[in-house]
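Presented sequentially are two complexes of chain A, the first with chain B as partner and the second with chain C.
For the complex of A and B:
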């Protein structure tokens, strides 16, 4: 029994569909996510002011970005340090195309296709060139930093693509919003953007769930587990990795397009080291090998960042929560008196997770849930019956 | 030419690692339906020879022909598509996945899902792991892992099966069962089995190639090999003679 639950956690439940029990868990998970998603979609606009709804919208957009790395790294086993490259390309592609075209259908598609094509090209050289995993990390990181520097240095008026000025480190302001397909006069307002973002997030989530129980998804997990064995069985690992990487690029581009809409602004920091590192942190904290984990990790960390930024957490205010002794100890251990430094706290959170919950939050929580369910006598009986059949 | 067709052939095959000549001038022939054992002391070049057959290593000399086609240095996944199944010396399985999932991945290439599922059930009982289908492979005992890998190889329905030390680390009963399984497989498939356990080779009694310092020393039936003075004295020791 224990073996089965461990297996389920390792595979994020997706591959455990063979038993009734595994299937029940999968369905329970899907229903939960669907219900929570629908409730958020209907409920949040009713209870939140527009400004808070806008904050939530960016969490949802970034959660799509988190899912792109959850696929590429969590399931595909390719640790990409430069997922922000595709995110940024999506945002810039949308912005530049929008200034030139004016109607958003083609810019929206370009924001997905262009990063995907770039990922395919990069992936082709990396996977077919048999680059080792370590260099793969280095290359993806380098690519995003090159993009950062390249775009950063396009401040002059000569850097113009059609009607769009790249603006260098100043970024591109006043990006026109998406409109409903084919209707350039009906632009999406901020409320609409919330609905579009949550619907797309759910579509990406359920789409990936479906992909991962398909043969393709099962094979990419097998390749992650043992590439050599997959090769011995006739699967061309390079092709599967390339396809996964390309899909990851497309999803990151989609998130980039929504992000450019959200702030009506994009600047080169989107390619920066900080952005890349954040995506990895979401996945680590939420848990590799699950989809819901990185979504939860992303939203929780974004919320924490915003909270720390606004609360101006100081040693004095910390002392009110955890008591003066702990606050003293914390601040002396961390070597700073003022705890308002957001990135230091985030760093500490990450460190705590890597050391204490190395598999991430969701896999551990799911195991706990399974354990608790199993303790109930009715289920123990059901288990026996299941074994008997 | 009459007689059974040649399935696999090596021509002047050689592999050099820096100064070490791990395999040299090996001319090896396997006919269709044959079961061949490959023996030799540690470091004789057996595993290297295996890797040359399956494209994991590119030979520094000579070539490997499968049904007359040169397959030296071929991509790993193409070897499988030619109909060659491989079991490595260190079991190569999907550790984090369940036994069933391991077999399903193997069975599902080129097969519709329903057919693959049937295949998995059939193999589970054949390798005596039906009761452990949902277990994570990382938790299996060593002998079970070896069988699972054998099952994975069978699920691909290869024409030629290469097994590198399939009985290593097994208990006596497991070795006996493995030998039975190999004889059974040989009814429909060709096999090359690398072993250094002579008891095991005796159980599957077939034609034997002795490899020594990268070269073929003798090639003969098991009884004759056991009588061969050099083999007996130098490589097999008195343990086997006793």
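For the complex of A and C:
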């Protein structure tokens, strides 16, 4: 992937041929996302039952988590294998603070600040230690495992922070919900949580879009493309990476706080490798170097795993879809594994994308759209005219 | 406590520490071969261990002698799987370390899913052979001593192969300078495929040897992957001296920490110590010391 095609998704500056230049693409994208978001916000509660709305809410919350890695990895170029560490810290920070305080303003803020502070500490340790990206992956992976092991073993009654018992592998049940700031008696119900989640998701999305066209965003992309050259131009790559990593930690913490609200429950599996793998899969499927890609990837993968988990696809039902011969072959290849086996599916998806579609779905689709738009006769003429002059 | 008893206690603790070091070296050496020679970070390493364990147990259930199942069948099966993986996945990704990591992680999830589908999400075990032996008032398992001995023999064998055979010469040459090796008529792809297969076979052997101690279940790899990685990366590029020095260091830390806290916090403290070590010595122990060793 060369620098130009990567940047194309961001500013489209290289494609100034026809009427559809970079700015128009940007505006079209922003308007589309805004309209779809607003339509979802208004329309979904009208057409969906509460249980389905609850399913959608968790997709939105996880999409915020996907955006946090989209920033850190897709734009910052730091592959963090432990984004779930910050997600889990946010959830645990919210739960523990909530049991001790009872009013959700401070727990909500803590759930953002604590993971951010942890990310800053870890980031300082890694970036200022000039640890290269592969080792960085191993360190973040190890940190996640440390948290998982440590929290998992806190089952005894002696592990208590104030009023909150950590509960070890059983997790913390019945976490009190968020309330409107300053009003401890007006807790958010599930409808409210949907609105809060979608508004926060859109705020994060547009906030990141704004950040990425700002000076800061240009610099972190420059550092991703060539750290040494950015350094020669006078930018301290370590500082910018640290800032990006910290912001990613804060966003993951925000998602964790909402997630703890959504299920009113948090357990150590939130730190697990499976969770970390999922976040990476969302981003790689959706596409590195875009923001909408990971959101789409997250929702698609979550929907897929939920669908496969619930549909109870058996060999018989599979046979109706793909025919008995293929179903026979599939089930013998998969060792009679049932298709709700998400590990198998996620692993296959990750392998397929790394090998076959390493750029992800959205960049490829955007390129296709650009290609189709540019091939319109008027644009081709304009191209020709421009080249002639 | 009489003098004789305290001597016994020291002896038992020494065996425990030695066993912790040996098992770390054992589970890491396959990864070290693959990482040291090919600069490939194989996140499916834990699943290779898991497959080794299953191969040994399944072979044993079908009437193969346990020792043959562990020492012959498991490495052969996992080595063959390794060669297939190298030919179908890894070779497309040389030089793209991050993509290799991601692809092998996908492979890891895929294998966990596949094995869960075949064997179910339960623990299968074989009882450790050879029983126990008494040291004063304490008892220790003879099998643990055998694992220590096999690990030592394995490390010596790897040294001899790398140092004194043509295969070892080819491997070291390709590792140092693939282009020069190719110019001298070697085929680096072939060397890589064989190396990956040997690394996988070592992982399979290790997985089979630890199976009687821990049992085998589909997600067992996760329990080992972090330990194996910190040992290899903490050790640095030199395959043997790196693995041995890091395994000795982390094994000692783990046992001492476990002795004073709990086994879980023993692991947690070891991992934290490893992160500090990587921060201080980003090139690993052999990046700073023992540079000219294998």
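As a working rule, the second predicted complex is superposed on the first by the 344 of 389 C-alpha atoms of A that agree within 3 Å, B and C clash if a C-alpha of one lies under 4 Å from a C-alpha of the other, contacts with A are read in each partner's own complex, and residues count from 1 in each chain.
The rule is short, and it goes like this: a residue touches a chain if its C-beta (ideal position, glycine included) is under 8 Å from a C-beta of that chain, and two chains touch if they have at least 3 such contacts.
Keep in mind that this is a model prediction, so the values were computed, not measured.
Q: So, does A:131 touch the first partner chain B, the second partner chain C, both, or neither?
A: After superposing on A, A:131 lies in contact with chain C but is clear of chain B.
Q: Considering only the touch criterion stated at the top, classify A:91 as touching first (chain B), second (chain C), both, or neither.
A: So A:91 meets neither chain B nor chain C here.
Q: Could you look at A:193 and tell me whether it touches chain B, chain C, both or neither (first, second, both, neither)?
A: It touches nothing on chain B or chain C.
Q: Considering only the touch criterion stated at the top, classify A:231 as touching first (chain B), second (chain C), both, or neither.
A: first
Q: For the three-chain arrangement built by superposition, which of chain B and chain C touches the greater number of chain A residues?
A: After superposing on chain A, more of chain A is contacted by C.
Q: Report for A:150: first if it touches chain B alone, second if chain C alone, otherwise both or neither.
A: second
Q: What residues on chain A touch chain C, complex-wise?
A: Contact set of chain A toward chain C: 79, 125-126, 129-135, 137-139, 141-143, 145-146, 149-150, 152-153, 273-274, 277, 280, 284, 334-338, 341-352, 354-355, 358.
Q: Using the touch definition from the top, list the residues of chain C that touch chain A in their complex.
A: 41, 89, 92-93, 97-99, 101-103, 105-114, 116-118, 222, 226, 229-230, 233, 262, 264-265, 267-268, 271-272, 274-275, 278-279, 282
Q: In their complex, what parts of chain A are in touch with chain B?
A: The touching residues are 3-4, 6-7, 10-11, 15-16, 18-19, 215, 218-219, 221-222, 225-226, 228-237.
Q: Provide the residue numbers of chain B that touch chain A in the complex, in ascending order.
A: 54, 75-77, 79-81, 85-86, 88, 92-98, 100-101, 104-106, 108-110, 113, 133-136, 139, 152-153, 156
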